[in-house]
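Two complexes are shown next, each including chain A; its partner changes from chain B in the first to chain C in the second.
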Partner chain A sequence: MNEPLLELDGVDKTYRFFKLSAVALRLEAGQIMGFVGPNGAGKSTTIRIAMGMIRQDRGTVRVLGQPIPAMQAVAKRDIGFVSEDMRLHAGLTLDWHMTFVSSIYPGWDASYAAQLLERFNLHPEQAIKALSHGERVKATLLLVLARRPRLLLLDEPTTGLDPVARHEVLAELMDVVRDDRRAILFSSHNTQDVEQISDYITFIDRGCIIDSSDKETFLDGWRRLHLDVPPGATLPELRGVVETRTSGRLAVVTTRAYSPEIDAVYERAGARVADVQRMSLEEIFVANVMHNRRERVA
Partner chain B sequence: MHSDLVISQTDRRPMYLQIMEQIRRRVAVGDWRPGQEIPSIRTLAAAVQVSVITVKRAYLELEREGVIVTRQGKGSVVAEAADLRTQLRRDEIDEHLSAAVGLALQLGLTARDLEERLRELVEEQGQRNENER
Partner chain C sequence: MNSSIVLQLILKDLYLVRWIVASSLAAGLVAIAVMPLSGVAAYVGGVSLICTIVILNITLVMSTVVQERKDKVLLFILSLPISTTQYVAAKMASNAIAFIGPWVVLTLAVIAMIGSSAIPDGILPFLITVLVYLLMYYCVLLGVAVVSESSAWHAVVITIGNISVNFLIPLLLSRPSVYTHRTGAEAVWTGDLVSVIAIEVAAGVAALVAAYFVRSRTADFV
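Presenting the complex of A and B:
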């Protein structure tokens, strides 16, 4: 197996009103991982721990082979980090920022930076304060991408972007993993972006990782079955079923482990399978979170 | 030449199936010829902005179907099988016909009803083409 570019294991961090518990993540070269959770789930805290900006109470963090926070300075040379609250100097131009970043990072690729200016339709002589939200996000990404870091840690990179800007950003992210030695972790609550470009998906809710798998497994396993259950028939309890809702004769079963044999099992029990529907990542996410919250209460 | 695959967000089928179908069609119409090299998984993923794992899955299934051949470390090519184009066309038409058969049976039509209706439709279409000329 490849050495992971990012590996968190048993990571805890306790705050007064929030606790990150036993967080484990693993990201290998060539992969894009979507890190999905509701607001306040712990996405940003986890990413900041990986960056060494917050020190974990317990657990191990290794990034690009370096233990974090101990060796964060070494690891950070090859990490590109972007977050919502990253501050550029409002009164200075994008060009000033590009010169500044290129003076710190020897890997700065000036011709790629020029290409990105073009593709993102940014003007280097413009002051940061004159940029729209979308332009500022793209400017921040440009400053990171042009360094060509091996690992990108992106906290909500597409939040608040218009559809065209989102398209431009996703295209650049896909371009990064043409090189199979690089990897991207990006957090989002936009499941459409995640569904489109992620190879692996990790769901986090209330400080705990609730599910993590490759995307195809998620999309293949989850299904919603619409059943007609005549009086007298009882639905068997099946492994993988996360929710059963009934109203009158009709039942809607949500499962995370669908296979066509399940239809036959229900039919033998006297029910009729009226429809089997695939689920979008958004539907899977919500069903997963709600199921997990019920389990934790029980 | 490769970025002309288009993935639809509203198509209910999974993305890997959409990619498979578009590649099959390119082979079926002869745009991608037997033996021709096709884009690498990462190149196609970047071009259509779809995850690498999804394109990888599409390629694996196409390989299983015999549409493409992947050579270790050398990328993939369209399979050399001579009757591939005919086969793919037949598969595509079969898919539509099977759907029609399923619906007909559900509606209680017999095989004969269906045969007759199909013949009528073919004639109507021929008539229409005739008129347009």
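Presenting the complex of A and C:
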């Protein structure tokens, strides 16, 4: 097994009104992990703990083999961090920022930076305060990508971007992991973006990791079944079913562990399987979160 | 890489405040230059010098520490290969250079002006005590701004700092040791003035050391 670029184990962080509990994450080279959760779920806190900006109360964090926060300065040489609320110096130009960052990172790739300027249609002499939100995100991403970091930690980078800017940013990110020494942790509450670029997905809600797997496992396993249940028939309780809603003869069953055998089990119980629908990542995310919340209450 | 990045951060902050520092220095030197012209000019020049140093103090701390945090530029800086302790060290060093540099120049200019003008040398210990007080005020404000994100605390320190200068001056002038020697031909460094200066220096250093100690051990930086 490869040494992970990012590894969190049993990480706790308690605030007055929020608690991050037993967070465990593992990200290997070549992977893009979508880190999905509602607002306030703990995505930013988790990523900032990985960056050493917030100190965990318990648990271990290792990034690029370095313990965090103790060796954050060493680890951050090869981490690119972009956050939706990160800002550059408003009164200075992009060119100034490029010179500043390149003076810190010996591996700064000037020709790649020039390519990114072209692709993102950015003008280096423009002051940061004159940039639109989308341009500012792209400028920040340029400053990160031109360093050629091995690990990208991206905290909601596509929030507030128009569709074209989002496409440009996501395309660039997918380009980055063509080099299989690199990895990306990409947090978002926009499941479309995550579905587009991630090969692994972790769901977080209310400070707890609720599910984590590769994207295909999620998309293959989750199904919504529409059943016709005649009077007198009773639906059996099956493993993997997270929700059953009934209205008269109609029942809608959501399962996380679909196989064709499930259809046969329901048919034997007297129900008719009218339809089996694949679920989008957004539907899977919502169903997963709601199921987890009900389980916690129970 | 790390010592060089600390240096880069210091240079970055100095670049950002270059116009504030240059204009304050120029304004302070003009204020000192007009002081020997007449009694009224000495008063106007003295008040202008104090105001210039106070404005430099507040502007520096607000723009490089408080605003950086409020504008979320801190996230960008902390994403660079630097520990939080090194960040605090760089921030305090750049601020110290940006303030203490002009402060030293202006203090030396005051000494030179007193030595070369008709203004009696006896006033010098009083002026130096006031200037060191402004240095202490700066250290305390910087320390509080580094440690606390609360605008209320910043406002409290600024208010107390500004008002206290108005009390300090008459308080010092009412001291017989200052009052007696202020018009004399020679600067007389009495024991109580030296003690006040020593307390001011100690308080300033203590504020900076405490701020560095507390902030570099802060668990959550953002």
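A few comments on the model shown:
The rule is short, and it goes like this: the second predicted complex is superposed on the first by the 298 of 298 C-alpha atoms of A that agree within 3 Å, B and C clash if a C-alpha of one lies under 4 Å from a C-alpha of the other, contacts with A are read in each partner's own complex, and residues count from 1 in each chain.
Heads up, the rule we're going with is that a residue touches a chain if its C-beta (ideal position, glycine included) is under 8 Å from a C-beta of that chain, and two chains touch if they have at least 3 such contacts.
Given the structure is predicted, the values throughout are model-derived calculations rather than measurements.
Superposition of the two structures on chain A leaves chain B and chain C fitting side by side, clash-free.
When both complexes are overlaid on chain A, the residue A:P69 reaches chain C alone and has no touch with chain B. Chain B and chain C, viewed from the C-alpha centre of chain A in the overlaid structures, lie at an angle of 150 degrees when rounded to the nearest 10.
Look at A:P4: by the touch rule set out above, it reaches neither chain B nor chain C.
Touch criterion met: A:G52 reaches chain C, while chain B stays clear of it. For chain A, the partner with contacts to more residues, out of chain B and chain C, is C.
By the touch criterion stated above, A:T140 is placed in contact with chain C alone, chain B being left untouched. Of the two partner chains placed by the overlay, neither chain B nor chain C lies in contact with A:G42.
Of the two partner chains placed by the overlay, only chain C lies in contact with A:R77; chain B stays clear of it.
Of the two partner chains placed by the overlay, only chain C lies in contact with A:F100; chain B stays clear of it. In the superposed pair of complexes, A:L88 makes contact with chain C only, with no contact to chain B. Minimum Cα-Cα distance between chain B and chain C in the superposed model: 26 Å. Of the residues of chain A, not a single one touches chain B in one of the two structures and chain C in the other. Within the complex formed with chain C, the chain A residues making contact are 48, 51-55, 69, 72-74, 76-77, 79-83, 85-92, 100-101, 103-106, 140, 144. Only residues 30-32, 167, 170-171, 174-175, 177-178, 180, 192, 196-200, 214-216, 219-220, 278 of chain A touch chain B when the two sit together in their complex. Against chain A, the residues of chain C that register as touching in their complex are 1-2, 4-5, 8, 12, 16, 71-73, 75-76, 78-84, 86, 219-222.
On chain B, the positions that touch chain A within their shared complex are 9, 12, 14-16, 42-43, 45-46, 49-54, 57.
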